[in-house]
Structure formats: C-alpha cells, structure tokens
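As written, the chain order gives the labels A, B, C and D, with residue 1 at the start of each chain.
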Amino acid sequence: MYTADPQYASNFVAGVDLAFMVILGISIFFLIALTIVMLVFIYKYRRDRHPEAIQNEGNNKLEVIWTAIPLVLVLVMFYFGWMGWKPMTNPPEEAMHVKAIARMWNFSFQYENGKITDTLYVPINEPVILDLVALDVLHSLYIPAFRVKEDMVPGQEKVMWFIPGTEGEFDLFCTEYCGLEHSYMFTGVKVMPRDEFDAWITDTTAAAPVVDTETSLADQGWEVLRRNGCNACHSVDGTKLIGPSYLGGWGTMRSVVTGREEREVVVDAEYVRRSIYEPNADVVEGFNKGLMLSYKDMCSEEEIVLIIEYLKALNE
Amino acid sequence: MTSNDSENKGYKSYLEEDGGRKGIFKWILSTDHKRIALLYLYSMMVWFTVGVVLGLLMKLELIAPGQTIMGPQSYNATFTVHGVIMIFLIVIPGLPAVFGNFMLPIQIGAKDVAFPRLNLLSWYIYVLGSILVILSLFGNGPPDTGWTFYAPYSFKTGTNMLPAALGAFVLGFSSILTGLNFIVTIHRMRAPGMTWFKMPLFTWTLYGTGWIQLLATPIIGITLLMVAGDRILGIGFFDPAKGGDPLLYQHLFWIYSHPAVYIMILPAMGVISEIIPTFSKKTIFGYKAIVLSTLAIAFVGYFVWGHHMFTSGMSGTALYTFSILTFLVAIPSAIKVFNWISTMHQGSISTDIPFLWAASFIFVFLIGGLTGLVVGALATDVHLHDTAFVVAHFHFIVFGGVGFAFFGAIHYWFPKIFGRMYDKSWAKTGWIIFFVGFVTLYGPMFYLGMIGMPRRYFDYLDEFHGPNIVSTLGALVMIAGLLIILTNLIKAARHGEKTTEMNPWGGTNLEWQIPTPPPLENFDEIPVIEKATYKYD
Amino acid sequence: MSATSAHINEHRDDTASKLGMWLFIFTELMLFGGLFITYSVYRYSHSGAFHLAAQELDVTMGTINTVILLISSMTLAMSTTAIQKKDKRTTLILIGITLVLALVFLVNKYFEWSAKIGHGIWPGSPLLEELGRGDTLFFGLYFFMTGLHAVHIIVGMVILIVVFVFVWKDKLTFDNFQLLENGGLYWHLVDLIWIFLFPLFYLIT
Amino acid sequence: MSDTSHHIVPYSTYGLILLLLLVLTGTSVAVTQIELTKWSTAVALLLAGTKSAFVLAIFMHLKFDQKIFRIMAVLIILLLASVIIITFLDYAFR
C-alpha cells in the first residue's frame, strides 16, 4: 500500500518514494499551471471579448528559456530516480540467500537448508538475496510494499535483494505476462522476527511428506498437488485446462502422442510417474507439448504414491 | 453525391469524379489520394469498432474480482487482439493514412502524391494485413501473447500467434510504403515557392513520421520473421533452451515499437498545430521551434527504447543511459506545448468544436506525457513497470493524444472532405461526455498502479476493487459520448447540410483555398506560394 | 484507366523515382540491420563457439561467390553507361551476364547449403542440438541471413528480367532509363550486404 | 522533368573499381589466414567498410548524384551504427 508511513516496509521505500514525490510534484505543478494558463487565455481572448488577434511570430528568448528550464528539471528527476534505484543493484556480500523459482504459474522458495515453500518467509531487518530462477517463460517478481521488481528470465542468473523493515504479510505478484493463469500467479511475503523465523526454518516437519496416519493418504496427495502448483493446469472437476483433468483419469485408457506416434495407454502408476518426471514423453491427445516441465527435483517417489492415492480416491 | 451538382458549381469534385468505373470499383480502383484516404477511413472505422468493443469487454470483466463475463483465456486473447488492432491497425496508420493522404498533397500544392498507384497498393496491403490479424481469431484460438509477443512465451503458446505476427509484418509494409511515398512527395512535389520553412506543420510532422516509418518498421519486420523461424523451424534465436536470449527479442521489439509511439503522436501534434492558429486567428508561435522539435523527437526517439526494459535485467550502464535519454526526448514535446499555449495568447479564440478537441488534447497529453516522466525514472519505474499505471500512461497519451487529435482533425476537415456540415451542438455534447468519461476511465488506473495492481490481470485482489468500479463506469460514460460523436458524424456524412464554403474556419493553409469538396486534381493550376503559412494580416 | 487518372501519371520525375528507390534501400538496410544486431550480440556472447563453427563453412566457396557478385555488380553498373551511349546491344549483353552470374551464385549457394544439410546441419537439427548453443545460433543465423539474402537475389533477378525485356522492347532508352538505374541500385544493395555477410560468416575462423 | 544531368561514367572506371574490390577481397581472405586474433574482425570489417564505400560511391553513383542522397546515406548508416552501439551498452556491461 502506498503510504508515507515512517516504518518502511523495506530499505528501498524511502528512496523510491522520494523520487515519486519529486517527479510527481514537478509534474503536477506543470499540469495545473499550464492548464490554468490555457483556460485563462481561452477565457480572456475569446472572440467576443477580443475580436482582433495581435500577431506575434515567436520569441527566441522564450524558446531558450522554456528549453532550459525543463532540461534542468528533467535532470533533477533523473537524479532522484537514479539515486532511488542505485542501492537495488548492490546486494551486500553477507546475506541470506533464498532461491525463488517461478514456473507457469506459481512461485516456490527454496531456503539454504533445502526447505521449500510457496510463500516467502523472511526475517526482519536482515538483508535477503533472492536468486531468481525461471523454468519456462518470463516471469517477474514484484513486491509492491517493498518497491522491488525484477524479471525472471529462463537461462539467466539474476538476483534481487532487500531488507524488510516491517513485520507482517505483503503481496507478491508475478508482473510479467506468462500465460493463462498469470493473474493467479501471486503469493505473499511473511516478515517475522529473527527468533520466530529461526524456529520456522528449522521446523522441517511441514516440508517433508511424513506419512502420518491422521490425515488420509488421498488428502496428503492433494496437499502435494497444491504445494507444487499443479492445480493451475489440471482441474479437479473435469474442466479442460492446460493439461488433462484429474477426474476420471485413473485406470482408464488414453490416446497419447509419443514422439510422432499415437498410441493407447492405461493410466497406471507407471504412467503417472512418467507424466510427472517426463511430461513431454506421452502427451494426451488434444493437449500441447512443451507446456509442462519435469518435476523430478520437486516431487519425490513417495509423493507420487500419495498423488496416485488421491487420483484413486477421485474415482470413488 | 448527385452528378448534376457539378453543373451548379462549375466543376466536378473528387466525390463525383469516379473515373468512369462502376459501383465499388469507383473507390477501390481509384488512385486519387483523397479517395484512398477515405478508403482507409472506412476500413479503420470497422477495426476501431472491434477494438473498442474488446476494450469495453475487458472493463466489464474487471468490474469485480473473480470471473464475471469471461474466463482467463478469453481475457488474455482479448487484450492481445485489442492491443494489436489498436496499435497496428488504428493508431500507427491512422492519422498519416487518412488525413495525411488527404491533406499532404493539397497542403504543399501538389496534384497527388508522388506514386499514386503505390499509394493504392499500400491500402491493399493494409487490408491484407488486417485480414491476417482477423484470421488469427480462428483455428487454435486467438493469440494470447499480448501485443508485445514476448519470447519465449510467444513460441510456446499453442494459440494462433503466427497469423497475428504475420499480420503485423504485412501491415509494416503498408506503413513503410506510405512513409516512402510521403517523403518523396515532400521532397519533389512542393509547389513553386513552397520552401521547407513555409510548409504547414502537419506536413512537417508527416515528414518526420515518414522517416520513422521507413527506418524503424523493418526492424520489427525482421524480428517477427525471426520469431516465425523459431516457431516453425525451431531455430532458437530467442529460445533460452537453445542459447537464444529473450532479452534480445525485447531490444529488437522496442527498437521499433518505441519509435512507433512517435509515429503515432507526431501527426497528432501536427493536427493540433493546425487547429490552434486557425481558431485563435493568429500565426503559430515559434514555427521554427516546432519544426525543430518535430525533427528532434523523430531522431532522439530512436535511442530510448530501453525504458521499456528497466526491470528486465539490462546492465546498469544501459539502464541509466536509457533513462537519461528518455528524459531528453521529453524536452521537444514540452517545447511544443509551450508554443501552442503561447499561440493562444492575445489571439481571438473561437471555441468551436475542433478547438475544444485541441484544447482537451493538450490537457490529456500533459497528463500522459508527464506520467511518462514518472515511468521514465529508474526508481519509480521499478515500482510501476507492468502495472496499471503504465496502462493508464499509454491510454492517456495514445488514445488521449492520438484519439483526441483524430477527432479534432475529423471535425476540422470534415466540411472540406465531405462538403457537408455536422451538427455542432451534438458534437459538443458528445465531446464533453467523452472527455469526462475518459478521465474517469483511465484516471483511477494511475492509482491502481501506484498501489501495485499488475497489468494483464484478468482477476485481482479485493483491495483493488473500488477504483476498478469507477473505471468501468467511466468506460460506459465514454462509450456513450463516443456513440453520440460517431452517430453525428456518420449522419452528417450522408445527409448533412451541404456546404461549398471554401474556408469555414478561416484557416490559412492551401486546403482552405481550393473549392469544397476539392476537385480531382486539387488545383487547376499549380499555385505559386509567396506568403509564409499561418500569416494573418 | 480513365483519361483523368492517366493525366496524373503523365509527368515523369526521374529523381523522384530514384529517391523512392533509395528510401526503399534504406529500409532494406535496416531490415538486415536487425539481423546484424542479432549477429553481433550473439557473436559477442558466444565468440569461441562462433569461431569454431565458422570452420565448417567453405572459404573457397564463399570467396568465389563474393567474386561473382562483385563482377555482376560491375557488369550491371556498366550497363547504365552502355544505355547512355545508346548501345542497346551491349546493354542487353551486360544485363544478361549479370543474370547468368546471379544464377551461378544461387547454384553455388544450393550446393553449399546441401553440403551443410548433408552433414546434418540445418535449423533445429538434432546434430546442432548436440553441438551446443553457440553452434545453434551461428548456423541459425547463417541459414537465416544467407537465406534472406538469397531471396533478395531472386527478387533482384526478377527485376532485372523485367528491365531486360523493357530495354529489348525499347521502353527503356538512353533518355529514359530510370528503371534500369533503380534495378541497378537494388542489385548493388544485394552486393553490399554480401560484402558484410562474407567476412562475418566465412572469415572468422 | 528530370533535373539531373546524367554523368556518363566510363567503362574503365567501373573496371578499375572492380579490380580494387577484388584486391580488397583477396586481402581480407589473406588477412584471416595470418593470426591477428582480436584485430582480425576489426580488419575484416574495415575492409568490408572500404569495399562498400566504393560500391556506394561509384556503382551506386552517389559520387555523381545530388548531395542529398549522400547526406541521407551517411545519416542512415550512422543511425544503424548508433543503434548497435546503444544495444551494446547493455551487452558489454552485463
């Protein structure tokens, strides 16, 4: 949110907002001044009040003045814009690294200890460096409250950094158009005190798929699907999205295209596994190749078993 | 258009002189620059209607969070086709092809453009390109890449991106040929005495525009061909998996598309520079400064493309160079604004409808231009890039600028073109409704962008709801205004009161010194120009 | 065409059509300019791979083609002299030689390309995918740029054939040969581009 | 209506230029055989630039035509060069 709150949400807010003030200030001044002058002229020199125009072809002195003044003003604007931006390019040497991974259409964040989440958790008042990774197409990571944004380009290593300054939850959007569910590619940043963060990051129970007996296997399978963002492309209710729906798939026959060949396969454990690890090997007829990436690093064999349980449960 | 009109007037106007052809061939085979101008006008009206409806659909979708009238795929296709139509089919060719074609030869005292048949061919190419764009709607579904066709998404999507890109490629040809034609016409066909610094300012802006069309358009042509190569042959120019660099695509795209925004705005500025002196009954203030600023915009405009890529990961050096160049290109625009307002000073101003459009142009252009400065600075653009703020900036300047100038132009030259007059009070009613709707529609988007709503979002969080409602209401108001304006004009073109008055507004350029509507070859005898333009004495 | 519109086309302005041709040439320059930008960027970021990949190209073949194009440019330039000297026969012969040379160029190009394809190198071929990114880009650019250049050769040939016929039928004469000159300008442009393509692809080993 | 008095270029001029172009081509091929490493591209481009200057001036008659054509050609080549240089402000400093 846009506020003049002295408790800045990140270390960049002050610089960026100063640039805003300066540029918007000058702009609004010119807008109002020029509009008023124009309206006054239109009123004062209306034809019925001023029937004879007084000819005047120009004035070189004036031309110079109104070239020079804006020139100085834009240089001032440039300067403030530059100063607000410069610190963004200089990440500190010592900082916590988080790998931010974007794919169609979700973010995931991987911490130094291997923990993966779909929301970004960071400790307050400490520099954080995000290593930006895009797996398929361009995405862009934008945290309005922090005034930071950087595109994520597949095949390029880029970083962004900030020091969060206010506790709380903030929005995090994808701002580079990336296809169907671009507008649903958002999540949050949670800024918390150091001790809370330490407790959270060492608590690995939430991340590993421990087979607990409390929740059913199928529910845990759903949890896996949700965490990996599969639902962006696969529906539960049979609607055709980017990929085939989960509903009514298990155990049936499917026509798939393997390479150039068409063939019929049964949806069994092997098929599901292959669809997750080598999604482009067999492409179900009517869907496009190349849209899904392998989830080999993100989804373990045990998790696939849970997913299969979920698919089976859907058939009931 | 009855033929015995000519007997009363003693000459045959271009509307009656049909070259002995029949039916529609009277138009589509004519090489008369004035008829070709009208061909462009009519075909653009069709696309324009489509574009406006698509814009309205988007606003309706955005009236509330969640899905309201269409799904995400349709929304993505809608803004893509809306952008492609508006940019490539309406505002880039718009003013040059319609009013440039009609007025340029007349304003410099020529009988036609240098290559009349090439001129007609350009129109056919335009139609071909627009058909390709429309074809992209069928088959695998309309393209969903945004008008920017950013790689690598543009060759990953399964939709019909290729026909749309090819359409843009073909339209580029039309644009190049028009520019070429105008430049040669201006160099070779000025009437005796029509020296460079006696040329009307509209002609000057067409000259600047012509050069941009000629020298920038091929870049997008080749870029789209490369994308086609990536899609069809799998070459991998822009495919990161094959070593290509998606950022290079952005460079190439904007090397064209930034200068393209000046293709749009320069003729618009030209129109304003015509209207203001006429209705102030006063010589334009600082003629030479305006000419020089036109050339400066055309030239410096080539070197600022990187301001669309501030967050893409360019080198720091490139970032601040582009930022500073962006600020420099704003100066010549400022010079123009100051000169326009000074022209009004001590004038004798008639607030007829063309003048109202021109004055409101200055206001919305100021907003659009000044917010361009906000996104031109590095720190602020990092926050605002790809948010609703940018959408507001370019609607204010593209359609506030070019659209307002277009309406100004059509109201200004209407009697000359059609030999008929529209209803002035309806025109004013339409204008005020349109203006109010316009500001209500796009104003809230600045705020939305500042609080962080990304663009190309089919759905949004609840916190963005309020301003979006206002904006949609504004759209409805504006469309009402638009309907009034268009109905008034269409009605007038068909049944409006006939006029043969040569100079209804008291203008000084050559177009006001020939009969209304103009005869086939504009001038019986090529005029000899002695006076400077915009001279009132 | 009616009498009136013929009237418009009646006057002839050679400078205007020459200017038109030059403007078109500028457009073409920028078209290839986009590709040269692409080339220089990738050359810069994959310079090692470009050097190695270029060894695959046949310098002799490239040199021969350069020579052919240069000669054809000269013969065509000479034809404008010939026509001004009212020497129709020489004019036709010179244009004819140009056309033959253009054909030889294309035949050479054909053999060059098919040799590459024989080695498993074509845009998006599996071999390129193995060879890596620099090679993919180098050969992508190679095929694209020389291909586009070849298209220009073909267009140029069509123009020259038209010119040839017009000269033959005396539609172009010593005092009215702007079309020949424009065709020449176009042809020299094709030559001009090759002058840069040749060192950039063949001579960077 | 043609206001250019056509300058008839003698055949020998064209022949001479061709000879020059061939020599330059030979040079640039020869130069790449010796290792100049980082200079070889610069030299090749310089030679190509010289060659194209000859083609533009003589074959394309810029030398004999009105000045305006020369001005335009030079400006456009400068424009393309500036665009390339500005693009490299990004790539060279990444």
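Keep this in mind: contacts are C-beta pairs under 8 Å (C-beta built on N, C-alpha and C of every residue); 3 or more make two chains touch, one makes a residue touch a chain.
Note that the structure is a prediction, hence the values are computed from the model and not measured.
Chains A-B form the pair joined by the most contacting C-beta pairs.
Between the CA-based centres of subunit A and subunit C the separation comes to 47 Å, rounded to the whole angstrom. Distance from the subunit B centre to the subunit C centre is 35 Å, each centre being the mean of its Cα atoms. Averaging C-alpha coordinates per chain places the centre of subunit C 15 Å away from that of subunit D.
Subunit A and subunit B, compared by their mean Cα positions, are separated by 33 Å. Residues of subunit D found to touch two or more other chains are 76, 83, 87, 91-92.
Residue positions of subunit B with contacts to 2 or more other chains are 187, 215, 247, 251, 255, 316. Within subunit C, residues 13, 15, 19, 26, 30, 33, 37, 41, 45 each touch two or more of the remaining chains. Chain pairs that touch one another, listed by label: A-B, B-C, B-D, C-D. The touching residues of subunit C, counted against subunit D in their complex, run 11-15, 18-19, 22, 26, 29-30, 33, 36-37, 40-41, 44-45, 59, 63, 66-67, 70-71, 73-74, 76-78, 80-81, 84-85, 181, 184-185, 188, 191-192, 195-196, 198-200, 203-205.
For subunit C in complex with subunit B, the touching residues are 1-2, 4-5, 7-9, 13, 15-16, 19-20, 23-24, 26-28, 30-35, 37-38, 41-42, 45-46, 123-124, 129, 132-134, 136-137, 140-141, 143-144, 148. Subunit B makes touch with subunit A in their complex at residues 72-73, 76, 144-146, 150, 152-153, 156-158, 240-241, 246-247, 280-283, 285-289, 311-313, 316, 319-320, 323-324, 327-328, 330-331, 334-335, 337-339, 341-342, 344-351, 359, 362-363, 366-367, 370-371, 373-374, 376-383, 385-387, 450-452, 454-461, 463, 536-537. If you check the complex, the residues on subunit A that touch subunit B are 1-2, 12, 15-16, 19-20, 23-24, 27-28, 30-31, 34-35, 37-38, 41-42, 45-47, 50-59, 62-63, 66-67, 70-71, 74-75, 77-78, 80-85, 88-89, 136-138, 140, 142, 144-145, 147-151, 153-156, 158, 171, 173-184, 186, 288, 290-291. Residue ranges of subunit B in contact with subunit C, taken from their complex: 17, 19-21, 30-32, 111-112, 114-118, 176, 180-181, 183-184, 187-189, 214-219, 221-223, 225-226, 229, 233-237, 242-245, 248, 251-252, 255, 520-521.
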